[in-house]
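Chain naming follows the written order as A, B, C, D and E, and within any one chain the residues start at number 1.
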Amino acid sequence: MLDATQTPSGTKAETVLEINNIEVIYNSVILVLKGVSLRVPKGGITALLGGNGAGKTTTLKAISNLLHSERGEVTKGSILYRGETIQNLTPNDLVKKGVIQVMEGRHCFEHLTVEENLLTGAYTRGAGKGDIDADLNMVYDYFPRLKERRRSQAGYTSGGEQQMVAIGRALMSKPETILLDEPSMGLAPQLVEQIFGIVKSLNENQGYTFLLAEQNTNVALRFAHYGYILESGRVVMDGPADDLRENPDVKEFYLGMSDEGRKSFRNVRSYRRRKRWLA
Amino acid sequence: MLDASDEGYITADGRKIGGVLMEMKNISLRFGGVKAITDITFDIREGEIRAIIGPNGAGKSSMLNVISGFYVPQEGEVWYKGEKRPPMKPFQVAQLGIARTFQNIALFEGMSVLDNVMTGRLNYMKTGLLAQAIWKGKAEKEETENREVVEKIIDFLEIQTIRKTPVSRLPYGLKKRVELARALAAEPSLLLLDEPMAGMNVEEKEDMSRFILDVNDEFGTTIALIEHDMGVVMDLSDRVVVMDYGKKIGDGTPDEVRKNQAVIDAYLGVAHD
Amino acid sequence: MPDQLVYAMEVFLNGLMAGVLYALVALGFVLIYKASGIFNFAQGVMALFAALTLVGIMEGRVPFAHLIKAVTGADVHHFGWTVPSLAAILLTMLVMVFLAWAVNKLIFNHLVNQEPIILFMATIGLAYFMEGFGDLMWGAEIKKLDVGLPQGINDAIDEVTFGWFGYGFFIDNLDIAATIVAVILVILLVMFSQYTKQGRAMRAVADDHQAALSVGISLNFIWVLVWSLAGFVALAAGIMWGTKSGVQFSLSLIALKALPVLMLGGFTSIPGAIVGGLIIGVGEKLFEFAIGPIIGGATENWFAYVLALIFLVFRPQGLFGEKIIERV
Amino acid sequence: ELTFTALSYRTGPYAANGIPFADGYEDYFTLLNERDGGIGGEPVRLIECETGYNTEKGVECYEGTKSSGALVYQPLSTGITYQLIPKMTADQIPMHSMGYGRTSAKNGEVFRWIFNYPANYWDGASIAIKHLLDVNDGDLSGKKIALVYHNSAYGKEPIRTLEELAEKHGYELSLLPVDHPGQEQKSQWLQIRRDRPDHVIMWGWGVMNQVAIQEAVNIRYPMENFLGIWWSGSENDVKPAGDGADGYKALAFHNFGSDYPLFDDLKEHVIDKGLAAGAGDQVGSVLYNRGLYAAMLAAEAAKTAQEIHGVSKITPVMMRDGMEALEMTEAKMTELGLPGFGPEFKVSCQNHGGNGFAAVGQWDAAAGEWTMITDYMQADQDVLGPLIEEDSMAYAAESGIEPGCN
Amino acid sequence: MFYREAGDFKSSYVEDSQTFPIKFDRYRYYVVLIFAFAVVPFVVNDYWVNAIFMPFLIYSIAAIGLNILVGYCGQVSLGTGGFMAVGAFACYKLMTAFPDISIIIHVILAGGITAIVGVLFGLPSLRIKGFYLAVATLAAQFFLVWLFNRVPWFYNYSATGQITAPERTVVGAPVTGANTDAWAAYFFCLVFTVACAIIARNLTRGAQGRKWMAIRDMDIAAEIIGVDPLKAKLSAFAVSSFFVGISGALFFAIYLGAVEVGEVFGIQKSFLVLFMVIIGGLGSIFGSFAGAAFLVLLPVLLKNTLVGGLGWPTDLAAHIEFMVVGALIVIFLIAEPHGLAQLWRIAKEKLRLWPFPH
């Protein structure tokens, strides 16, 4: 099997994040991840794909140590960031180390204004006002819509606006590695492209590493370098993005392509039960 | 624009669309300085699948909220089944047969899937408090009858296995499906769906599309739908309203909308095929 | 001027002063609520505990004397030294910081991301615990507290008003001191929460624990900070009320006077606590003055609540509270 | 072995007052055991049960201890007293509510098992007025008297009597209720400052006392015109107000201080042996003495019962007979090492409340002690008699009791 | 091993929606009932009834009532003490005004009257939410207590302001007053408790319960799908107050026999019942029982071990009791925020899987 740290050009990149065979249990009874292993190369965009409930969010939360607050715990395996175990760190230590997560479902601070939301992103940085203002402007450049709404309480902004706030807020922490959970959810197509464009440019220009969980396989595979496909808590397939895109099963079930190109949603007349890799 | 007479029209795939079910006339809605909706007029016809699209923050969800009576527009009128709708509380609107799902899933987290779906049938359950306290007899009978309806919907949406699971434990996609089930349980004449497919992968979207089409087909339910996936919108809907910054910038069949330059500029970015 | 009007003016002024004292207690609630969405039921007990500790330190009492006696038979009550009040206040503040740390470490750390009612319940557990603990540590008898605050009628005001109206107003010096303390506290706290990054982080935490964690805000740090601040406010309240009535269990019941203030001012607003306090103070005193005699008196307790209730019907989030966001 | 119970409260809002009482009560029995080997040769077993001044806990304490053969209960709370009156009557166990509880229980023909000697609230009210008459040269007509009271059954007790007496003596009574817990009394004291009553009488408890006295000091109300009931007259109540409280008066039905031979015995047999109850730092305080006094009365009643029935191991029923035949004389008290410690009185079947004597004490802030400033005076029994008759007969009718003495 | 769902098939929706769908649970429930009705009355003594069973049963009713409001409908109320007082005083007035009518009717009517008062004070809940509402309900608490203290009509002009329950019998056996036998009082309360629990269960498992829960979980969404918030909230206040009123009536008439309003129905009572509900588990009838048992039994148990067993001074024991109760509340919350009922549920889930861990 291929390895995520294998760059397309064949050189081997450094692994920043390594997950070895982790198991996650919620409420000490619900076993959700059943041995997931991942490698995230430095400076790459790695995609985590899979259907609803596959365990993408759980994997990301296990990395950023947010499981604890949901009564979940990692019971087996290890998570290494730059070779160090990070399971015992607090989430804010992790942010200080440069790993930040953009949570699924926005999670804005409702009562804070849009701008204040962004500023909380800079909380861990000891940066001066000038730096922070510069970054604020960078975020506003990426998302002009936010600039217009900067003074309104985040709770009153639309779903898409909140998503922009969440991403902008993460950028404000000047991270090295960003864990993005479903960034495209609820965004207009133009904006999806735009956000992935931003991801790409951050990755290429600033060297940010991305691990993104996505349902929108199409876009994800277009921008990612490497992909893992998760199904019911197990990694069922992985490979370079381009390879995955050519894989017939992926094509059929994740990209919605049939032999004749894209099928119409109107014409899927029967519920075809797909074959599962792990039945 | 379709030349839709008052009696309706026939769609490309041959379905018969009826007369106007709901009409929004010159709706304007402001929040303090924010103009969420500005003077929008459109109609929804019986049996139709009507999409509302537009960039983020365009006012789509707000429009659904106006329809379901949660937001009261400063200006404009809502006509439903040929009558002007007087000012109403949301629950009264629901009793008119309008059901919906929400963009940021609004399930009742403390209840099981079954109970959530059963709440959709509350408007059909009329036994008094006293009879419920006694339970045996009237209340039990009513419960069973409605349970049967709900079980059909559960089967239909293929969520049998999670019937007894508390919804808080469900993954996002399944929650959306449960929400749809809850809305369907109300057997609405108009179903409003706010981004029913956000956070789903293609396969799941296909399933969801199937459900939407079947609802529309089998029960003749009229559907208004907000969605950002253009594939879905273009494939499913009969007519599309396009909003931008609270204004209507386009209205017509998917093909017409797709070619509308204003829509391309504001929303689609590139022309979708 | 007719006598009744002059009296009413005096009652009004005293109502303002009483209101400030209520506000002092309410402030502690607001701080914690703002930063964690926790409705801290233990605030009153914290005031008691702070005052007890202060007296204990000032008088050089041996903590757990009673327990020591029961277990070992050794009868030690006092160390034999006394500590000047200012130093004792500083030491007590240290104790409150420690308390904040312990509360966070042992309780709230384990309850991240829980519903407000659960957190509320935890503070009830804490209140129970501290109630027993405070008594066990310092004994349940009444202790006199004197940190040197002036007390009794203010003669200057008495004389001046006598000159004006032929009736000298009664204003308690202690109330004047409380007002000064409260004003300083409020100004400091408002500046803290609006203009510092910790203040912003504090409000962020209140909105969404998980999201706050995800952007790297340390809940531990913020909570220890806020509970410490609340501890200081509790100490201030404990000093004022303790000076008035002696330090004893009933001190913890002053929380009940703070709740309507909180409701009226808004749970999340620091200035709201003050304004709410003033309105409640004046309202209940004037009502007791004007209507009380007709309906039998002792109306203050319920009137404060009813007044707050009436306000709430018009503004469900209190006068200055953050608007409750209702969206779907 | 003789069993006594102490329903005490060393926790909760009134702990500060409950502790010294409980200590005194306990120490006295310890003394009897240590010095005399008990009462009439029977060692005393004291069961203490914490009520926290809470009615339900009080009931629980009673139910939990009543089968232990407890001879008499001292519930130490008016609320608990009321709960227990019917229960103890049915269970045939005597109760002694000393200086609190249901006043009309004085009528032993109706309340066969309840005793409230040596004085009750109505006695208190009457004696307070008597004292005020004394300091006003026997004339109260046209004077203004304000009653500041705890807004509960307890606080409302004296109102009837004071109103009755107002008619008789021609003073003007104004009522100022204070709600529990009583931390905030600004309104009441502003009103007092405006109305300038000649005297203020207080029926307070717990923190209400301290705040009232402090507020009185604040408005410079003359302390010698401020008179509290015996539950508003302990060191706890005056100390927080410091020097300002100097001169404050309160009623008492037993003496202050530890200047009695008995206290020497206490020191020798109890304190120095490290057997003192609680922290052992309350000896000689007002409420400690009250506890001690209550225990002494209980022990004396037990002795009387032993004499009547000629057995040392008495039952609660016998105890009742002892209580009903109790007579406290000066000679007896001197013999006990407590000369002049309390009023002389005599209990009978018709009269379970003693003779209604009490005295007035005054706080000396400089010395930090209470001193008696009057002799024991008797309440105006002419006024009180009918009131008690009326109230107790109403109770008898309500609960179907046939009044009588056998 | 025997705790299995498998093999316990349901062939109708009626069976599926019964209270104890699992056979084993059902049998255990019957056993408990038989024990409570047919065994306990013959073996209890005064202490057990007065110190443990009666408070437990009566508080259970109050807790069920409050749980409907807080746990099912999400409206936090701190007015329980006041509403219990309404029940108590209503019962007293009825008992003295209509001595010939059965006390059973009086208790039920007292519940009804409390329901009306509850609805009245529930009106602000339409606008006021969350902790604001909780604090607002304190207005009811303080006002009601003041009223019953202030207006002599309520206590029939008795000199002391106390109300005392006259003797009343049910089929010849006195259930109130001094001559009541322990078993009779117990039995009387038990019948009410069981009836209330069944009614509460019926109301919460059907349409009404779902309306309440919908309002609790997300009131806006509930309104949009067709729940009338006014009706749902007020009906919750009514039903809840009905139960609370019954418990107040029993508390006064059967348990204490005499009551002074400020002392017995003060704010402490409101808190106590709320604690029971939360510790037991919000939104669970079983939890109401568990919470009531916990807070009634634990102090008694602690006291008996510390004072009776270890011979500690009562005050130390009392302080430590406070600390232990406080600490236990916190520990339980940390172990399981959703109360004893949820702990029980999880334990059952584990049992069902046993011996496999997942």
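The criterion applied here is as follows: a residue touches a chain if its C-beta (ideal position, glycine included) is under 8 Å from a C-beta of that chain, and two chains touch if they have at least 3 such contacts.
Every value quoted in this text rests on a predicted model; they were computed, and no experiment measured them.
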- [ ] Treat touching chains as neighbours and tell me the shortest step distance from subunit A to subunit E.
- [x] 1
Task: Selected interface, B-C versus A-C, where C-beta contact pairs are more numerous - done: A-C
Open item on the list: Using C-alpha centres only, name the chain that sits farthest from subunit B.
Closed with: D
Task: Centroid-based (C-alpha) most distant chain relative to subunit E - done: A
Task: Whole-Å separation of chain centres (CA-atom averages), subunit B against subunit C - done: 50
TODO: Report, in whole Å, the distance between the mean C-alpha point of subunit D and the mean C-alpha point of subunit E.
DONE: 37
Open item on the list: Could you work out how far the Cα centre of subunit B sits from that of subunit E, in whole Å?
Closed with: 42
Open item on the list: On a C-alpha centroid basis, what's the spacing between subunit C and subunit E, in Å?
Closed with: 32
Open item on the list: Give the residues of subunit A touching no fewer than two other chains, as numbers and ranges.
Closed with: 30, 156
Task: For subunit D, residues contacting two or more additional chains - done: 10-11, 15, 19, 151, 179, 278
Open item on the list: By the touch rule stated above, which residues of subunit B touch at least two different other chains?
Closed with: 61, 70, 102-104, 106
Task: Set of all touching chain pairs, with the criterion as stated earlier - done: A-B, A-C, A-E, B-C, B-E, C-D, C-E, D-E
Task: subunit B-touching residues of subunit E, taken from the complex the two chains share - done: 12-14, 17, 199, 202-203, 205-208, 210-211, 213-214, 216-218, 220-229, 235, 239, 283
Open item on the list: Quick check on the complex: what are the subunit A residues that touch subunit E?
Closed with: 25, 27-31
Task: Contacting residues of subunit A [partner subunit C, same complex] - done: 64, 66, 68-70, 90-92, 94-96, 100-103, 107-112, 116-117, 119-124, 153, 155-156, 166, 169-170, 173
Open item on the list: Touching residues of subunit E toward subunit C in the complex: what are they?
Closed with: 70, 76, 124, 127-132, 134-136, 138-139, 141-143, 145-146, 150, 220-221, 224, 267, 271, 275, 278-279, 282, 312-313, 315-316, 318-330, 333-334, 337-338
TODO: Mind listing the subunit C positions that touch subunit A in their complex?
DONE: 112-113, 197, 200-201, 203-204, 206-218, 220-221, 268, 322-323, 325, 327
